[in-house]
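We call the chains A, B, C and D, going by the order they appear; numbering starts again at 1 in every chain.
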Amino acid sequence: MRSVNRTTQGSEPRTVIRRLFETRDITEALGAPLSEADQTVQSMPDCSPTKWHRAHTTWFFETFVLGPHLAGYEPFDENYSYLFNSYYEQVGERYPRPRRGLVTRPGIEGIARYRRHVDDALHRLLDDADAETAAELAPLIELGINHEQQHQELLLMDIKNALTANLFDTAYDQRPHEPVGEVGPVGWHRLEGGTVSVGLEPVAPEETGSFRFDNEEPRHDVLVPSFELADRLVTCGEWLAFMEAGGYDEPTLWLSDGWYTRLSEEWQAPLYWSRSDDGWWIHTLTGSRPVDPNEPVCHISFYEADAYANWAGARLPTEFEWEHAALTARSTTGALLASDAIDGMSAVDSSRLHPDGAGRPSGALRQLIGDCWEWTGSPYRPYPGFSAPEGAIGEYNGKFMINTMVLRGGCALTPAGHERPTYRNFFHPHTRWHLSGVRLARD
Amino acid sequence: MRSVNRTTQGSEPRTVIRRLFETRDITEALGAPLSEADQTVQSMPDCSPTKWHRAHTTWFFETFVLGPHLAGYEPFDENYSYLFNSYYEQVGERYPRPRRGLVTRPGIEGIARYRRHVDDALHRLLDDADAETAAELAPLIELGINHEQQHQELLLMDIKNALTANLFDTAYDQRPHEPVGEVGPVGWHRLEGGTVSVGLEPVAPEETGSFRFDNEEPRHDVLVPSFELADRLVTCGEWLAFMEAGGYDEPTLWLSDGWYTRLSEEWQAPLYWSRSDDGWWIHTLTGSRPVDPNEPVCHISFYEADAYANWAGARLPTEFEWEHAALTARSTTGALLASDAIDGMSAVDSSRLHPDGAGRPSGALRQLIGDCWEWTGSPYRPYPGFSAPEGAIGEYNGKFMINTMVLRGGCALTPAGHERPTYRNFFHPHTRWHLSGVRLARD
Amino acid sequence: MRSVNRTTQGSEPRTVIRRLFETRDITEALGAPLSEADQTVQSMPDCSPTKWHRAHTTWFFETFVLGPHLAGYEPFDENYSYLFNSYYEQVGERYPRPRRGLVTRPGIEGIARYRRHVDDALHRLLDDADAETAAELAPLIELGINHEQQHQELLLMDIKNALTANLFDTAYDQRPHEPVGEVGPVGWHRLEGGTVSVGLEPVAPEETGSFRFDNEEPRHDVLVPSFELADRLVTCGEWLAFMEAGGYDEPTLWLSDGWYTRLSEEWQAPLYWSRSDDGWWIHTLTGSRPVDPNEPVCHISFYEADAYANWAGARLPTEFEWEHAALTARSTTGALLASDAIDGMSAVDSSRLHPDGAGRPSGALRQLIGDCWEWTGSPYRPYPGFSAPEGAIGEYNGKFMINTMVLRGGCALTPAGHERPTYRNFFHPHTRWHLSGVRLARD
Amino acid sequence: MRSVNRTTQGSEPRTVIRRLFETRDITEALGAPLSEADQTVQSMPDCSPTKWHRAHTTWFFETFVLGPHLAGYEPFDENYSYLFNSYYEQVGERYPRPRRGLVTRPGIEGIARYRRHVDDALHRLLDDADAETAAELAPLIELGINHEQQHQELLLMDIKNALTANLFDTAYDQRPHEPVGEVGPVGWHRLEGGTVSVGLEPVAPEETGSFRFDNEEPRHDVLVPSFELADRLVTCGEWLAFMEAGGYDEPTLWLSDGWYTRLSEEWQAPLYWSRSDDGWWIHTLTGSRPVDPNEPVCHISFYEADAYANWAGARLPTEFEWEHAALTARSTTGALLASDAIDGMSAVDSSRLHPDGAGRPSGALRQLIGDCWEWTGSPYRPYPGFSAPEGAIGEYNGKFMINTMVLRGGCALTPAGHERPTYRNFFHPHTRWHLSGVRLARD
């Protein structure tokens, strides 16, 4: 388990500022085990180099905080705005994303200097800020913290992908794998349907802190049917049964777009699985090892999750069924998910680089938070009345609300604080480099 | 206007059989104006040759009706199952879709013989069938009718696309264009929200006949907010204003996937528009002519519709908002849409090959049916409790429920009977060769 | 054998004019067995529709002969210049080549009218032309004849490719296949080296008539080593031995670009071969049948020819070695190749739609002319002192002198008169849809 | 000028061994100015990372020298054979070339250890080798030296390409650019034609040392016409005139494949040129600066060179014309090219990272050696009687003898010893990342 309380909690302005610098330090700690070569490469256009994540999160503060709010601030390097903007059209031209892995200058030490330059300026701006300024800047800082935390997760999933290109030396961290215990058969939890409030009020008291992304707003009612939800994620052992039953070769189990993707990509197993003489192996951030049948299956696309559910005579839950179940679990147990609490990402000894097993059946929903992002059957679309914030910040979430599916729950790499039941992650249905798994539902 | 009552109405078994042969004849009439060359080519993988539509709808009856139900039936040609299966995985291998335009044999007369062979066999099976057999086969025949009607619409939109390759001689029909009258400014209709029942009960009495597609079931409740709906479609004149305001060059109006599509496809206007020295021209099934500012804009992608709505300070309606409005309109007026009733597709003198204008403001919702398919903001997903029928027929709708958006309302090419308010059409958000338009909504 | 003397021979002006109309008629006869659908499609960008060949050769006369030389000539249709120009940059814009198969209008009867219109005008221009005019126009007419004859060969090789898309009905002509007799083991002919004159003098008396292409000029000396040349083409039986010995799987036999082409194209056999339960079958213009081990292997790329030669411990001849051998054979025998004389392409009963066998060893070089184009080891480059004619006509040959290899000898589809030993055909080393075979050489 | 005599000259066995270690050291010196990030990336499939060049040249000695000849030699790492084989099919599978830039492990220090491991073993094998062993191994060592020298040139041209991705910080070396002096108008040298011996005898006394590549053999006679050769390379000033005259927009100047490449690649100028407000700039290994009209144009494709020659009313020389001119120049002047002698590549102070100007007209041919590789009009094909050596070494040159054109003369980055007049370099006609220029010829 990653140790608890690695980052300060709370949304009071001075606390936010403290969390800002803690978050900035964690990013550097995540990059620390990696060589300059490791931090430079980009294995596919969806991914970005470690170095780029370190620079882009810094550019974010330079552009949206220091530029407008610190009088006399001088950008570290004028060219960095071009190099490290990600997709903010309103901020100007950007370096082409698929070529980020070709930028060798600045190197990792140059990026470290850039980060220190910006951190120093943030200290100048914030350390002695009066209460009014601190209160004014806190929401923007909070957004920057959450943005950087998202990139911490991306950094790890991207480097996981990149290191596979090395074939013979692919570990991010050398710690040994601890076997996962027996998880037992799946149990089904009944949830009563009805009118359910989902999402968050724009200005109301929050669930777990002052921050949420715009895509979680506004709070609104939906009708949820009565249904049953599996009490844990699908395991690798169950997935092997699907594979052995020919699930990857039976088109009637698949959505049409999914089947053509499976054919063109030649999928036969989850991403990072490879067949060896002694069975299936799995690549992880701590290296390669045999697949453990008790661990949850991970790195599957929506198409595969959906085909599996069809094969199993079940379906994926909608995002509102999932949220309804998570809120119900919390109100029942007094905490969201006692045994699965997300804790702070530990830069030095973070022990969770991979989803954990479900543990033994407990009568409660297991693994709701912090093992694998769970594919839902819900396309990612705006909530009724959604409106993006003004300006470049408004490009944050809304423009991706097409062709993507919602995932819920957080994964082993998700930073603390992102475990709230209203959190909406999203990916295209064909992508697999994120830690995505599947929990079944049925009517 | 296409003349009313071109096809027999009703769902009584003997009526269904009569409608079957009427439908079969209409398909042949639609192909009649086209040469063998016209009927052979395929302008892009999304489209199919006219000849292929004529053969595939025939294969459907051979495979699902004659083979299982007519004792001793001999297939016309064993190879046709390979050539003319569309996507039914359970029925076996298929000729690759993107190469359909290379099949020169059979020619159009060969296809006519194939159709006569199958029609003759259908007559043998059905003409003297006893009441029990007729009742048993009626649902399958009804599905075949509706399937063939959908292909009648596809045939026209596909040949519209193919004929553009001729550059200088592109008309399907030579009739002159009649100018569209003034439509006046848009009006906004207020709809009250609440719990609304949408879709159809699997076995209950129906809206307009006995038939519906599986994707319209089951009937279920949804929460619809109060909202306003435009009383007509967006016009070409309004679209020109969007173009002149730089709408195609302003990324912040667009969804991210939409913007990249617009860049790669170099969209600057709706499909079939071209700039001439004397302004914008439009290609239609009756040839090219100047764009009429009063006609509804057509052949736009979801991405363009969504960008336009953003520019106009509005949004697209959800599919349930649209259905709610249509049902309300019908209960208010005693008929769905008096002036816009869908009539039978006339093979001989069908006068509607293009969307009509909205007419003058009437106090009612105009153009709800039969001009342009209207993009909604709703991804195409299964209704709660949806399950596909068993067997190959079950591949009809469910497998396309990903990455597509729902359109409602029918277009000028849509056959009579498909105008029911529960009908769900769907296309990928980037496609444009269908007659798709946009109606705005706002909170 | 195709019957001899189907076209008039000779280069006297009035004879040229007679040959013009004979040639025009042959083109129409070649298209006659094909339906409108057959004549419309295009199976790949390298190929063109039959209809297009008929129109393009007509456009050639309209553009280069009638326009400049027939006072008051009106083009049949102004748009045809856009539709049927092939690659003459100086004549203006062209319809994009890969989309030629989408042009359905004009249909085949429209093309026939176009041809008659142009033929009528050619008659007006030429029938009563005085001697001076006839002499002035003869070279241009001769070029047009030879151009149209090249397109006759292209028409047949292109339709052979297109008809394969029909899978079950692929014959151009229904005549039965006559088995090829035993050809015996290969014999080796010794040729003495030295300084050899190759090509043709621009203005000097010619080899077989007044016409030659610019790429055959000027005549010049080259040094040819002493070498040995196989007395017949490689047979299908010998090719099967290469395949069975793993020739398609042994990279060291292949040129580097060839090996990557073989991998990406997944070549395992010559084009038009397919494996059946009872051995290898071959698609021909007269339908499919088992491969005959005595017939020459055909439809192979340069890469395959070169790999085969390496495997056989031999090499390909250079184009000058081939020309030297052909000239030597003629001077020795009194005729070029008595038993292999190219005769006129017969439109009605042409009996050669496929390469013939070599016959029994005769002590002479067999199959030098008229069975398969023979790959040489010579890249296609200009002869020393070559200069292209002025104007658009000058685009005829010179611009293709890169990345292509020279083939010599003519194939079964080559029109009479193109059998001269100086004739240089050329294709890219990866293409296979032409009737290309291989004859070995060794030092 | 690079200082002379940086590497030991001579082909006596002990001298060869001394040159081996000097060559190995130069490779390391070439990489030394580059960071780990710089050395890791690959900007396009044609290029390889610096790190990979360092490793591959080491793998060459491990595979072909140490493995077979040093008893008990243990490979440094078994996986390196997979990672660092380039294209030797006979040696086994290889890491896919287009993904070389994703290999982050080993890093640059790991590669340095690998090189020291192999160098130590080479010392053990060679330092105390008896005369017989030294004589036996000398040819293989010589091949390894020449192979590594070719990779030194590739290393520099590849890193030049890679560094451009940095946009704002692209220099390999920071030294200032020294302006090139006036070169004066081009002069034309008349060469008499006749039978000329080209290439080298396999075993005979050599031209400039004991080593030559297999593609230079065997020596043979060719007929060369009398012709004129320009006395210097085309300059950037002349190239600007071609650009301003619309040379890049006039298809009739271009070979057909060239024109389509120019369109698809959107060429408007040589590679590494970019238009600025104050005219054209050029990227070099020492950074960006304005184009100097007196320097030779460089980084052009064969297609561009050929189009330029057409525009200038001239042509490219053949490779034998070039060789004839170079041999004539040497026999006339007593040295090949006194003022242009190629000297040893200096790792520390090599002053030639870019082609130099021609200097003032001298009455002699200028720039024949060591500025730009000169495109010839000759396709790269085997000499008559060529046969590749047995075994994997035989894959060295012969397999690339298709679709490539010969270049002669060496460039500013070419190591000393590769300046012999018989040396045949080759590239595909569309590539530009090598230092290629153009010298005109005319009849």
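Simple rule for what comes next: contacts are C-beta pairs under 8 Å (C-beta built on N, C-alpha and C of every residue); 3 or more make two chains touch, one makes a residue touch a chain.
Remember, predicted model here, so these are calculated numbers, not experimental data.
Distances between chain centres, each the mean of the C-alpha atoms, put C farthest from chain A. Note on chain placement: the centre of chain B and the centre of chain C lie 48 Å apart, centres being C-alpha means. Here the CA centre of chain A is 62 Å from the CA centre of chain C. Chain C and chain D have Cα centroids separated by 39 Å.
Shown for chain D are the residues in touch with two or more other chains, of which there are none.
The touch graph of these protein chains is a ring, one cycle where each chain has exactly two neighbours. Those chain pairs judged to touch are A-B, A-D, B-C, C-D.
Put simply, chain A touches chain D in their complex at residues 35-41, 43, 51, 79, 82-83, 95, 99, 101-108, 162-163, 165-169. Residues 87, 89-90, 195, 220-223, 225, 251-252, 254-259, 302-303, 306, 377-379, 381, 384-385, 394-395, 399-403, 429, 443 of chain B are the ones touching chain A in the complex.
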